[in-house]
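Okay, here's the structure, questions in a sec.
Chain nomenclature is as follows: A, B, C, D, E and F, assigned in order of appearance, with residue numbering initiated at 1 for each chain independently.
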Amino acid sequence: MVNGIVLPIKKVFSLVDSKITVEIKDDQRKLQGRLVAVDEYLNIHMEDTTEYVNNVRGRTLGTVVIRGNNILSIQPQV
Amino acid sequence: MVNGIVLPIKKVFSLVDSKITVEIKDDQRKLQGRLVAVDEYLNIHMEDTTEYVNNVRGRTLGTVVIRGNNILSIQPQV
Amino acid sequence: MVNGIVLPIKKVFSLVDSKITVEIKDDQRKLQGRLVAVDEYLNIHMEDTTEYVNNVRGRTLGTVVIRGNNILSIQPQV
Amino acid sequence: MVNGIVLPIKKVFSLVDSKITVEIKDDQRKLQGRLVAVDEYLNIHMEDTTEYVNNVRGRTLGTVVIRGNNILSIQPQV
Amino acid sequence: MVNGIVLPIKKVFSLVDSKITVEIKDDQRKLQGRLVAVDEYLNIHMEDTTEYVNNVRGRTLGTVVIRGNNILSIQPQV
Amino acid sequence: MVNGIVLPIKKVFSLVDSKITVEIKDDQRKLQGRLVAVDEYLNIHMEDTTEYVNNVRGRTLGTVVIRGNNILSIQPQV
């Protein structure tokens, strides 16, 4: 059970320094970029971030810190 | 009361390694896949995930970590 | 004040094993079923659950775990 | 500062056993009833509850437990 | 860093007994009134509260306790 | 892992006294101003704040405290 408690975040920790896709809650937006840091609340620090609106490439955002509660999902970029 | 406190999450822990359906809050979307890990916040790590929009099969998502507060419900897949 | 702190959840604990109606936030939906377990976050494990959309009987859901923050209210079923 | 920390909830504790109006977040609804219990999360147990939709009297709800995060405001009923 | 952690709330503590404007999340509403008490969650107890809808003066609310998570911002009234 | 836990907030702490752009959740609004203080919940105290609605300059807000859960993202102003 101790393993069960830490695992979803462990998966995200394993993605540090790689490219991820972050889906924002209640929004047609995704952010893609390099995961620099993540904490236990799933707050995320990304670099080289690009915005996708309805899967169309949008603005280049660069450095961004996203608050965890507004993140719907995190995926490794494929 | 101690039992009462741990039980809803215990039900989800019992679903690890089996197929689940996750309903997203304020969204016409459900995600189906294999539950790999879950923590006390109901953050979820799923593999082999498929998206359903208004019950129509959508994208294949593969690996995804979903933040617990944006999950409305979790059910064993029937 | 100690009593004041524990009481709203105590009311819900008293409903374990009986039929409840759960109103979902920002949704025209209610879920009715038997309360199996509840924790301090008002996460809920229900069995024999039926969905009502705008008070019209909808799908039979069976087993469902609902995350507490997305629950607006819990009532004993009358 | 210690006083500052406890006071907003102290105001609500002082309303136990009296009539209150609870405004729901993102909803045209208010609930009026007798406050039976409240905890530190502003979870609320009300009895003799009546619903008002756009200030028009709606259903009689009786016993209801409301989750604190979905409450916008609490007022003494005037 | 210890200072950094306490400061945003310290700013709000400094506004106790003065007039503030509270902006509600996802709402065209602001509440103006005297700040009586605030806690670490930014729960707020206001007196002599007046509602503004789209910047037009609305109802007089008097005493109100607002739950912190539904507050977007707090400003000193100018 | 200890580093991983503290880092996203550390990035924001590093922006104290500089100009930032704060994106509000579910809103076409951004706030630009000088970051005075931030805490572990990403509650933010800004000064010299200006509002942008759909990227058009709006009101001058001056001093504002924003509750962290309603912040989608924080970026250094470029």
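As a working rule, contacts are C-beta pairs under 8 Å (C-beta built on N, C-alpha and C of every residue); 3 or more make two chains touch, one makes a residue touch a chain.
Predicted, not measured: the structure shown is a model, and the values here were computed from it.
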Neighbour overlap between chain E and chain F returns none
Residue numbers at the chain C-chain D contact, same meaning over half shared and different meaning under half, come out as different
Of all chains, the one whose CA centroid lies most distant from that of chain C is F
Cα centroid separation, chain A vs chain D, in Å, comes to 36
Taking each chain's centre as the mean of its CA atoms, chain D sits from chain E at a distance in Å of 18
Cα centroid separation, chain B vs chain F, in Å, comes to 32
In chain C, the residues touching two or more other chains are 25-26, 69
Contact graph of the chains (line, ring, star, complete, other): ring
Ordered round the ring starting at chain A and going to chain F, the chains are A, F, E, D, C, B
Residue set of chain D touching chain E in the complex reads 1, 3-12, 25-26, 42, 68-69, 71-76, 78
The residues of chain E that touch chain D in their complex are 13, 16, 24-27, 36-40, 43-45, 61-67, 69-70
